[in-house]
Amino acid sequence: MNTPLNPPSLAEAINARGFSHAAGFRIVAVAAGSAEVSLPRRDDLLQFFGHFQGGVITALADQAAGLAVTSSLPAGRIGVTVEINVNFLSPADGSEIIARAKILKMSGSIGVAAVEVFTKKTDGTETLCAFCTATMRALDLPAEYR
Amino acid sequence: MNTPLNPPSLAEAINARGFSHAAGFRIVAVAAGSAEVSLPRRDDLLQFFGHFQGGVITALADQAAGLAVTSSLPAGRIGVTVEINVNFLSPADGSEIIARAKILKMSGSIGVAAVEVFTKKTDGTETLCAFCTATMRALDLPAEYR
Amino acid sequence: MNTPLNPPSLAEAINARGFSHAAGFRIVAVAAGSAEVSLPRRDDLLQFFGHFQGGVITALADQAAGLAVTSSLPAGRIGVTVEINVNFLSPADGSEIIARAKILKMSGSIGVAAVEVFTKKTDGTETLCAFCTATMRALDLPAEYR
Amino acid sequence: MNTPLNPPSLAEAINARGFSHAAGFRIVAVAAGSAEVSLPRRDDLLQFFGHFQGGVITALADQAAGLAVTSSLPAGRIGVTVEINVNFLSPADGSEIIARAKILKMSGSIGVAAVEVFTKKTDGTETLCAFCTATMRALDLPAEYR
């Protein structure tokens, strides 16, 4: 690209590709150190019992964590996941899931984020369905992505 | 259903629904206490850099862990994920990913599995791209699934 | 014992044995679903660089998580650790560490707690040095402990 | 120090301080990419039920992981723990625990190790009591430690 991606437009670019795009991830908010991403229910995102699949929940949490970390980095840097831990707390049986990430610590090129994932019913009630921590490391964006 | 699902057919049934089916998960092998599941590359399963997305890798690892645990349970019981931890070790840049799970321990209704995930190139070489541990608990299958 | 241990006295009993006692764990507060435990610095609790050792930090976090879960259980039940995940965020270089646990979810016999660990300097300032999630399961206390 | 610590002597130096020394950690073997450390039972290392305490088990696993990573680094570098995940599988009720670590991947300054922890009875039988993964990052040893 000819113009550098500053962090907000990088967040949009990250979200517009591959699985994020195909699954329908929606960026609700991104700020330096935090991010919120939501995902409406769709049959191809569910598991055996008809709830959101654990890997899909993890993907959404990971996206929120990555955007929270990336948005706190200087332009031209991106956070990639080193390790992720997810506790599944309640069935994700709503019409939507929402992942809210915040950075716990940036230290050199390592960032750690905590993510709460809520399942939201059509009546607007939210239930915490998963809790996640993710360790990210910051990389320089390869030239072809800048 | 009218006939009970014994563990192998339950594995097939689990894999034939929702995200597993839509993404194209393939059961390679299932035995009591172990399972292997593979997933061919497809554009809608990738992340920003064009490698398999972390949540998709987690979903495959989780499926393998769940099948390993479920296949060691008596008919009518299924393992669901309580917690999962994934270390991403190398870019999952092959034409396929393969998750190989084995149970570390079953203790009462709790099972723990370790999963190695490999990325496989078209020349057949495999590289360990992720390592996962998952904690499962065994539930009675609801009557409508038996 | 002749009298049942209700949860608060069980917390004291748990803390008065073995490593907890030898290391000097101090219960600051215990309520149903939360607990705070502190540990003053001592040379035999440190690592190579003179900060609190990671396993000692984990032990304190685990104790706080276990007390938070146990205190929410009926008398005669105790929470034991199934799995623990700790992110080390900053050097634990204060004169004391403090673990504050709260339950994220109790579901049947499984409880999940999140724990923040702070390092406290002699001037009273606290820094988040570790973040932990723990999965516990509830057991009946063996008769000899009741 | 006047003479540089090469990796084996660094391992000894790490193990000879603070909690490792006080608890009685014993280095059984260290090679580039692997390490084995053991710990004999002692009353002040146990939990409520008289088994090795979870944080003590974590400390031993962490030490083995750190030595495995550090021993694969050039002289003057040391691995410190970013994140650790431990699954407790069986009661650590033996007369000794033994942690065996091997590196899964070194990538730049990040290393990931898997650790099996066994509890050993006086008759020599070993049981897997915990399984751990740890993420480490390599630091330059401060000048005063070289």
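Every chain is named by a letter (A, B, C and D) in the order it is written, and numbering of its residues begins at 1.
Methods note: contacts are C-beta pairs under 8 Å (C-beta built on N, C-alpha and C of every residue); 3 or more make two chains touch, one makes a residue touch a chain.
Worth saying up front: this structure is predicted, and the values here are computed from it rather than measured.
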Practice problem: Could you tell me which pair, A-B or B-C, is linked by more C-beta pairs in contact? | Solution: A-B
Exercise. Averaging each chain's C-alpha atoms to get its centre, pick out the one most distant from chain A.
Key: D
Quiz prompt | Whole-Å gap separating chain B and chain C, where each centre is the average of the chain's CA atoms | solution = 33
Quiz item: From the C-alpha centre of chain A to that of chain B, how far is it in Å?
Solution: 22
Quiz prompt | chain C, residues touching no fewer than two other chains | solution = 82-83, 85, 87, 112, 135
Self-check item: Complex contacts: residues of chain B adjacent to chain C
Solution: 82-83, 85, 110, 112, 135, 137
Exercise. Name, in rising order, each residue of chain B that touches chain D in their complex.
Key: 85, 87, 89-90, 104-105, 107, 112, 114, 128, 131, 133, 135
Quiz item: What does chain C use to touch chain D in their complex?
Solution: 13-14, 17-23, 43-50, 53-63, 78, 80-88, 142, 145
